[in-house]
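Note that chain A is present in both complexes that follow, paired respectively with chain B and with chain C.
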Partner chain A sequence: MNAIELRNLTKIYPQFTVNNVSLDVKRGYITGLIGPNGVGKSTLIKMMLGMVRPDTGSIKILGCDMPRQEIDIKQRVGIVSDDCFYYEDVSIRDMKRIIAPFYKKWNEQKFNSYLEQFELSPKKKIGQLSKGMKIKFALAVALSHEAELLIMDEPTSGLDPVFRRELLDLLAEMMQDERNTIIFSTHITTDLDRIADYISFVNRGQLVFSEAKDEVLDRYAIVKGDRQLLDSDIRKKFTGVRETAFGFEGLVENRHEAEQLFGNYAVFEKASLEDIIYYNAKGGRAHA
Partner chain B sequence: MNIIISNASGDPIYMQILNQIRQSILSGELQAGDSLPSIRQLAKDLQVSVITTKRAYEELEKEQLIDSVVGKGCFVSGANKDFIREQRMKRLEEKLLEVIQDSKELSMSQQDVMEHLTLLFEEDQTS
Partner chain C sequence: MLNLLRKDFIAAKMSLGMSILIFSIFCIFFMKKEMSMHLVGIITAFATISSLTLNDTKNHNHLFLVTLPVSRKHIVQAKYVISLLTIFVAVLASYGVHSFVKIAVPGYITVGYSMIDILVPIAIMLVLTSIYLPFFYMLSEKGAPVLNVIFFFIFLIMADPVAQTIHKASLNGINYPLVYGTLFSTLLLFIASCYVTVYLFTKKDL
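Take a look at the complex of A and B:
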């Protein structure tokens, strides 16, 4: 069962292209959309929300067609973004009065308790909120209308480490109901290292992979060793390599194969998501 | 029951969870019929992914250490201690067979292996 189904999405901009992306986001799990800046993560999220129309391809959200059933979809979706969608000149309380009537399942009590928990004063103007506070406000709105699907664009980028951890708890709380789904884009992968079930990696407008996080982390490895071990055939096994006077460090996609190749001559370490992003972005550029 | 996840450990997280729950069951800290936290609750408390805790529980079910009852959650299996011991003995035997295989490759005699083992036992007791 998929909460989101993207099929063959293409969008051509003068400087940049989202190229034939198909992606399934599984219901009941947390999916992280990762990749360097400016590779199409936000464009994909905006397409899911109907804010960018693809040139070709189709989008299904919670079984409904986007944009044909956009109004129904939006009732069931919570949105958190680092772009602020709200009026800058009104207070939190007034903004809530504007938004709440749009939602059939608005829960006033829940909203007020989130404001209290996030230490947001209802009198404060949206424009005066810090980046982190804006995200907290968006989150309070998103969690107060019984959304089944939470879509978040770079939610942790403006947040301090204390609230980032609290956010993980809030998300895990939402996931206690197995009908709920969360997708978020980020380049801060330490958050995802903890709680994401699935990882979708986007690079230069294309989907590199989309699979269970544990499988990704088992498959990739960081290899370190003497530069003399590298020849042109062996180099091809690496997604990317960084060489210094003291040796090399590189990312391989097939840990098992690399272990057989290098045996005891190299050191193997677990790759982090950050390593995977870094070497894919860097390695890809070097080949181009 | 305590479950402690170490990021420095070489073992995958699901295996750390699996090992610690198994240990609690085999040591008798968890008794047959005791309920375990739900997959999603455990994921929340340990701040790990749902897939990770799910995998740990699935492995425990395969080892027949826990039973999952749809709509009710997971429970320590009623399978008796003899069975658990038997399972552990079986795993131990597999490991010993591996040792025998390795020692053959190193052209060690049975006597050599026995002596080595005795030595290690003694070291373990003094440490």
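Take a look at the complex of A and C:
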């Protein structure tokens, strides 16, 4: 079953278009939404949350239609974003007083224990919190109303390495309950290397792929070799190539085919998610 | 809806203090003027409404509000309800304080107050709010402060002529059917404005 079903979503801006994106996010798993900055990840998330209305297409979250059943959806969804838009002049305690009554399943005890765990003082004003602390607060809120789906937009971008690890542990803990789902948009792919089950890659407003992480990492490969191995037909086999005076390094989408093509003349390495983003974003040839 | 109203009270704690201050200062300085009761009510109401709305745009807070389990329609309706409450409270408070001073310090306030002196500021504020809120929700973060400045200047320019007109009209005898008809029309305008704002805000990308 899918926690999120996007069908043919299109949103046209004057200088940018999210083009006909269809995406399924599987329930009970962590899906990483990856891609370079400004390719449409946040727009997709905003469309899921009803902040941006798509020009065409449909959105289903936890089996409910967005925006027709948006109140039911939002009762069951937790949101953590690197841009927290809480009221800056109020304290954490007052912010909680604003938020808690909206949720039917608000768990006060859980919230207080998260504040303690994250070392957040209820008296502190939101405006005085660092970016990392705001994300901690957003996470405490999201985890305190028993959300079944956690939508996270670049949540680790403002965090120190210690809390980033803690956050990933918390997410893993949340995933102990098989009904829970997380979609995690980021360009810091090392976080996803650790916890993601599925990867959805968005580039230039389009979905490039959405697959199990292990399958993606098995399928793609980094090929290194002498420049003499490259000709125009072979270059077409690469998602992206980086050429230097000493040789080339490129990403191929089909490792098996590349191994047959180059045999022992090239070196094959496992591609990382970062490699996949880099070569897809650069496209064609990139010169070092 | 109640949660959204409570949100406004919590988020606007500081600015509510400012409204009380504005109310007190204008009472002190305008009390002896003929149209003081109307002006104090109108200015306090508008200052409170604009600070309540600006609170929601200071840090792009609409982006936070739409993540809560409420619809955009409820967010707009709650703002109209709290504006209506603010108008009634400000005008009645002004009436209350002026009437109290009139009784407590005989001769300090020479004009007499009637029902019409409560209804007219309410009608003026209903019209202003009906114009202000659709623009506020349409313009949001970037335009709201500019909108407030424009409305502030309109106040400065229009306050005295409007006050004089009301005063002259009351001296010439009050046409009650016209007053009640106007009040009813402003209420209809207020409701229509709410529908327009819901439509504008629902269609808007945040």
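Keep this in mind: the second predicted complex is superposed on the first by the 283 of 288 C-alpha atoms of A that agree within 3 Å, B and C clash if a C-alpha of one lies under 4 Å from a C-alpha of the other, contacts with A are read in each partner's own complex, and residues count from 1 in each chain.
The rule we apply is simple: contacts are C-beta pairs under 8 Å (C-beta built on N, C-alpha and C of every residue); 3 or more make two chains touch, one makes a residue touch a chain.
Bear in mind the structure is a predicted one, so any value in this text is a computation, not a measurement.
Student: Looking at A:I195, would you say it contacts chain B, chain C, both, or neither? Reply first, second, both or neither.
Tutor: In the superposed model, A:I195 contacts chain B only, not chain C.
Student: Report for A:D65: first if it touches chain B alone, second if chain C alone, otherwise both or neither.
Tutor: It touches nothing on chain B or chain C.
Student: One more residue to check, A:D55. First (chain B), second (chain C), both or neither?
Tutor: Once the two structures are laid over each other on A, A:D55 reaches no partner at all.
Student: Considering only the touch criterion stated at the top, classify A:E116 as touching first (chain B), second (chain C), both, or neither.
Tutor: neither
Student: Answer with first, second, both or neither: which of chain B and chain C does A:E243 touch in the superposed model?
Tutor: It touches nothing on chain B or chain C.
Student: Identify which of chain B and chain C touches the larger number of residues of chain A.
Tutor: Partner touching more chain A residues in the overlay: C.
Student: Just checking: does A:E211 make contact with chain B only, chain C only, both, or neither of them? Give me first, second, both or neither.
Tutor: A:E211 contacts neither chain B nor chain C.
Student: For A:E257, select first, second, both or neither according to whether it touches chain B, chain C, the two together, or no partner.
Tutor: neither
Student: Along chain A, where are the residues that touch chain C in the complex?
Tutor: By the definition above, chain A touches chain C via 46, 49-53, 67, 70-72, 74-75, 79, 83-90, 94, 97-99, 101-103.
Student: Which residues of chain C touch chain A once you look at their complex with the stated criterion?
Tutor: 3, 6-7, 10-11, 13-14, 55, 58-64, 66-71, 203, 205-206
Student: Would you mind writing out the residues of chain B in touch with chain A in their complex?
Tutor: 10, 12-14, 40-41, 43-44, 47-52, 55
Student: Can you list the residues on chain A that touch chain B in the complex?
Tutor: Against chain B, chain A makes touches at 28-30, 168-169, 172-173, 175-176, 178, 194-198, 212-214, 218, 270.
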